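One chain, chain A, links the two complexes that follow: it is found with chain B in the first and with chain C in the second.
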Partner chain A sequence: MSNNAIPRDFVKNVLQNGVGRYVCQLKRITFRFCKSHGGSRHMRDFIENNLLEFTQKNPGVVCYLQPRRHRPPSVVAEFLNGRREVMLLSGKEVPEICKWVEHMRTRSGVQIVNMIQNNHTETPSTQGIWHPFMFRDSEMAATEFPSKKFSQIQVTGKTATDLVLEEQLKVSSSESSDSHIEGK
Partner chain B sequence: MANNRVLQWAVMARTWWIYDANLQCPFRSSERIITYLKGKHKPIYHPFADIGDHVVVFNTRHVAMRGNFWRTFKHFNHTRYAGGFSQASAWRVHEMDPTRIMEKACYQRLSGLPMKKTLMARLHLYPDEEIPQEILENVSGQIRQVQVVPKKLEDYTEEEIQNFPRLFEWPENYDVESYQRENQQEPDQHTTKKWRLD
Partner chain C sequence: MAASLVRTCVLTTRRTLQFLRPISFALQESHDSKRSYHRRQKGFLREMYKKRIDIGPDKPRRRSEWINWNYDCEIFSFGQRLGENFDEGSLRQAFVHRSYVEQEKEKRAELGIDLESVPLELDDNSDLANSGDKLMKDYLKVYLRNIYPYMFEECISSVCDHLMMDETLSHIASHLGCEDLILCQDFPVQPSVLSVTFKAVVGALEQAQGKERAEAFVRDFVLPQLIGKDLNEMWPLHNPMGLLVALLSLTGRGQPEPRLLWKSGSNTMMSLYWVGIYSNKQLISKAPGETVLIAEEMAAREAVKKVMRTEDNRPPLVLGTVAERLELDRDRVNASAEDIVRRHYEQSSGQSDSITSS
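Here is the complex of A and B:
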């Protein structure tokens, strides 16, 4: 899909549609056909047999019929967001025309594009984006590297040597207090 | 925001880290170092994105291996000619190039990445304390060591050694010295013959 003619964009949709109630985004649909040419034969069949049912089911959609002499059949869909889509239907049989008309009725009107990326936001973080000095100890800015303070592993608890030295301190202090009492 | 463009430069900027390998296990250190080489410490990490940092490692001559690894841990090489296989134990490799143990440990942990040679080019290894000024001036952060640097007997003063609590004292005539074996070089059982020096 490396065709530059196909637009590429981030994913978009009419997300508010259907939150309260569903609003059909198709505003107007125009069927363009020739009254005499063989290419518009299936389109004429569609108009004769299926169009009335479509209009009765969708009172919110305006249907126009536009006969054009010796031109291929097409359908023009206009949406609430102001976009207008033309689809050529020459050689398409009645069931397929029904399918494309249904496709236009259920569309959001947003242009079909190649997606650049699945992830996108229109509302970036208010806290600001990450940078290498975020969450870094600000003292590092004034430190000359290599520094022993930021190199040492942070240990919690005591080693066996620490415990032995503590015991020795306790013993020596109690001895000194004893000797103090004796001296009294 | 007007400075969005500059913020994005800061996000993508390559920073430099420094690591002190003094008395550190090279294997556990390399686990920590490659995190920074790959950029896994950043929240914007993605395996296809080239956002790794530079790491400067010094004191690689003073790395410490546990157990008997200096003798038994081997580095292999094959020249791809018949009979071209050779192996050398870690202490021999260390003797020939004091940065090789650390380099190989990092390189092996980067296996499976197509980027590994690019990442290894960002690892700067120095055997001792001396680091060139043009390298050192880039450094803006330090990686914490993986283990406590033990205090050696030379680091204690004579007074501290004398005052250290002991359960009993050796008798005056007790012979300690004669039990100490003479420090002689053992035949290197784990190195290919052509690498041996003896």
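Here is the complex of A and C:
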């Protein structure tokens, strides 16, 4: 598949969730299963043993049970941003069903796609973006070019030559002091 | 060679078949993941596809029309989800729009039921919405005045209006799950109905839990909408230089002097001018523009921005748990730009009068 056919997106937050207070984004979850077929055995076990605990812990999520004759088990999650996701759970055992339900509960509801970046900020630069005039002296606007002042090499700090010369001075001065001691 | 030929043939047929798949089938989630269709199905599927194109897409339907829907549970969960203890009666009332009540009355009239002998015990949310609207406007202004003490009163009003717009409130309401719960005539639900409902929910919260809790609700859900937005753009300031002149003269500083700082490509389509504004030989602000006039106006806007302390590098809004400890001065009123300009002109006219009389 070509690269531009794969959906890619930036990290998104729904309604600035968590800035004010956190709201669980899963609003509704429907468990669909068959009451008699063997394929829904684990889903029935889950409903019998684990569902009550889930509903007690998450009163903000509405749970529905939807029995359908001789149809494979699945779970439908509806999120606050209006998206609806169906997950097929045939052949999944109870711990795995628990994990998928937990996965739906902790999601933001945004479609899972390849991330362009793993981080996001609303203020990419507090200083303002760079532009070619950012560090330019405004005096240049009124100067005739070529000018002597702006043609000089900008020197910031010590150059390598300066450092070598300094080292040489240090060595020569220490040598002279040594010879002085020896002479004593 | 032969193998690759066969593979391409199979792939192309599969693709065409996918295209021919009827939309009505595609809308239903298929439980058996099929890799291909049998040759005998081709004609049937093509027919279904044509039919679907003739009929057009399905009408949008209310969520409550599906079998897995329980209004009581949904109402209970709405409050729990937001971490608030609503009074159930008032919350139910908050979701009843006026159009729904009218529709119900019409239905009864059509059926020949007398409204006086069997009263329709259904109140709409307009009272709750009015009280919610008042609370929201008051709190947003108090909060903004305290967070931005140097911001002009006009700018605060426009930021508040931006937050109270139908567009903003309907966005919040639909992302809090109000859309499915609203009882109204039109479907899909209109943004105006959604915003009225959100205001009514705030009103219902005020009734159930008091003003403070309702204000915290507004702070947590409405104010975060300002994140990443330019507050200065919300205020339509028509003459920034006039305001700047008034401000500088009232504070006893020199008149603003615009100076061209840099320019580039002046005779091209991509011309660029940077204008700086000086007062008492101090650079106050600088901004770019396509022409000198635009750049000057933008620089004046930049200066007003600096006066209001709403630059791009301003500290973020105080929200979340930290905001609970905020002590807001409710009687605070910020300076008004109109007032400043008027004072400036009164002063200057007074001076000119004295000059002419002398």
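Note that the second predicted complex is superposed on the first by the 108 of 184 C-alpha atoms of A that agree within 3 Å, B and C clash if a C-alpha of one lies under 4 Å from a C-alpha of the other, contacts with A are read in each partner's own complex, and residues count from 1 in each chain.
In the analysis below, a residue touches a chain if its C-beta (ideal position, glycine included) is under 8 Å from a C-beta of that chain, and two chains touch if they have at least 3 such contacts.
Everything numeric here is computed off the predicted structure, so don't read it as measured data.
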Inquiry  = According to the stated criteria, A:Trp130 is in contact with first (chain B), second (chain C), both, or neither; which is it?
reply    = first
Winner on chain A touched-residue count between chain B and chain C: chain C
- Go through the superposed model and pick first if A:Leu165 touches only chain B, second if only chain C, both, or neither. first
- prompt: Should A:Pro72 be classified as contacting the first partner (chain B), the second (chain C), both, or neither?
  reply: second
Pick one for A:Tyr64: touches chain B only (first), chain C only (second), both, or neither. second
After the superposition on A, what does A:Gln152 contact: first (chain B), second (chain C), both or neither? first
* Using the touch definition from the top, say if A:Asn118 reaches chain B (first), chain C (second), both or neither. => neither
Notebook entry, point to check: Which partner does A:Lys27 reach: the first (chain B), the second (chain C), both, or neither?
Noted result: second
- Check whether A:Leu80 is in contact with chain B, with chain C, with both or with neither, and answer first, second, both or neither. second
Determine, under the contact definition given at the top, whether A:Ser36 touches first (chain B), second (chain C), both, or neither. neither
Overlap of chain B and chain C contacts on chain A, residues 128, 131-133, 136, 140
Note: in the complex, chain B contacts chain A through residues 7-8, 10-11, 13, 15, 18-20, 42-44, 58, 136, 139-149, 164-165
In their shared complex, chain C is touched by residues of chain A numbered 14-16, 19-21, 23-24, 27-28, 30, 59-62, 64, 66, 71-72, 74, 80-82, 86, 88, 90, 122-123, 126-128, 131-133, 136, 138, 140-141
Per the touch rule, the chain C residues reaching chain A in their complex are 29, 31, 67-70, 73-74, 76-77, 80-83, 171-172, 174-177, 179, 219-221, 223-225, 227-228, 260-264, 274, 276, 288, 312-313, 319-320
So, in the complex, the side of chain A touching chain B is made of residues 128-133, 136, 140, 143, 145-147, 150-155, 164-165, 167-168
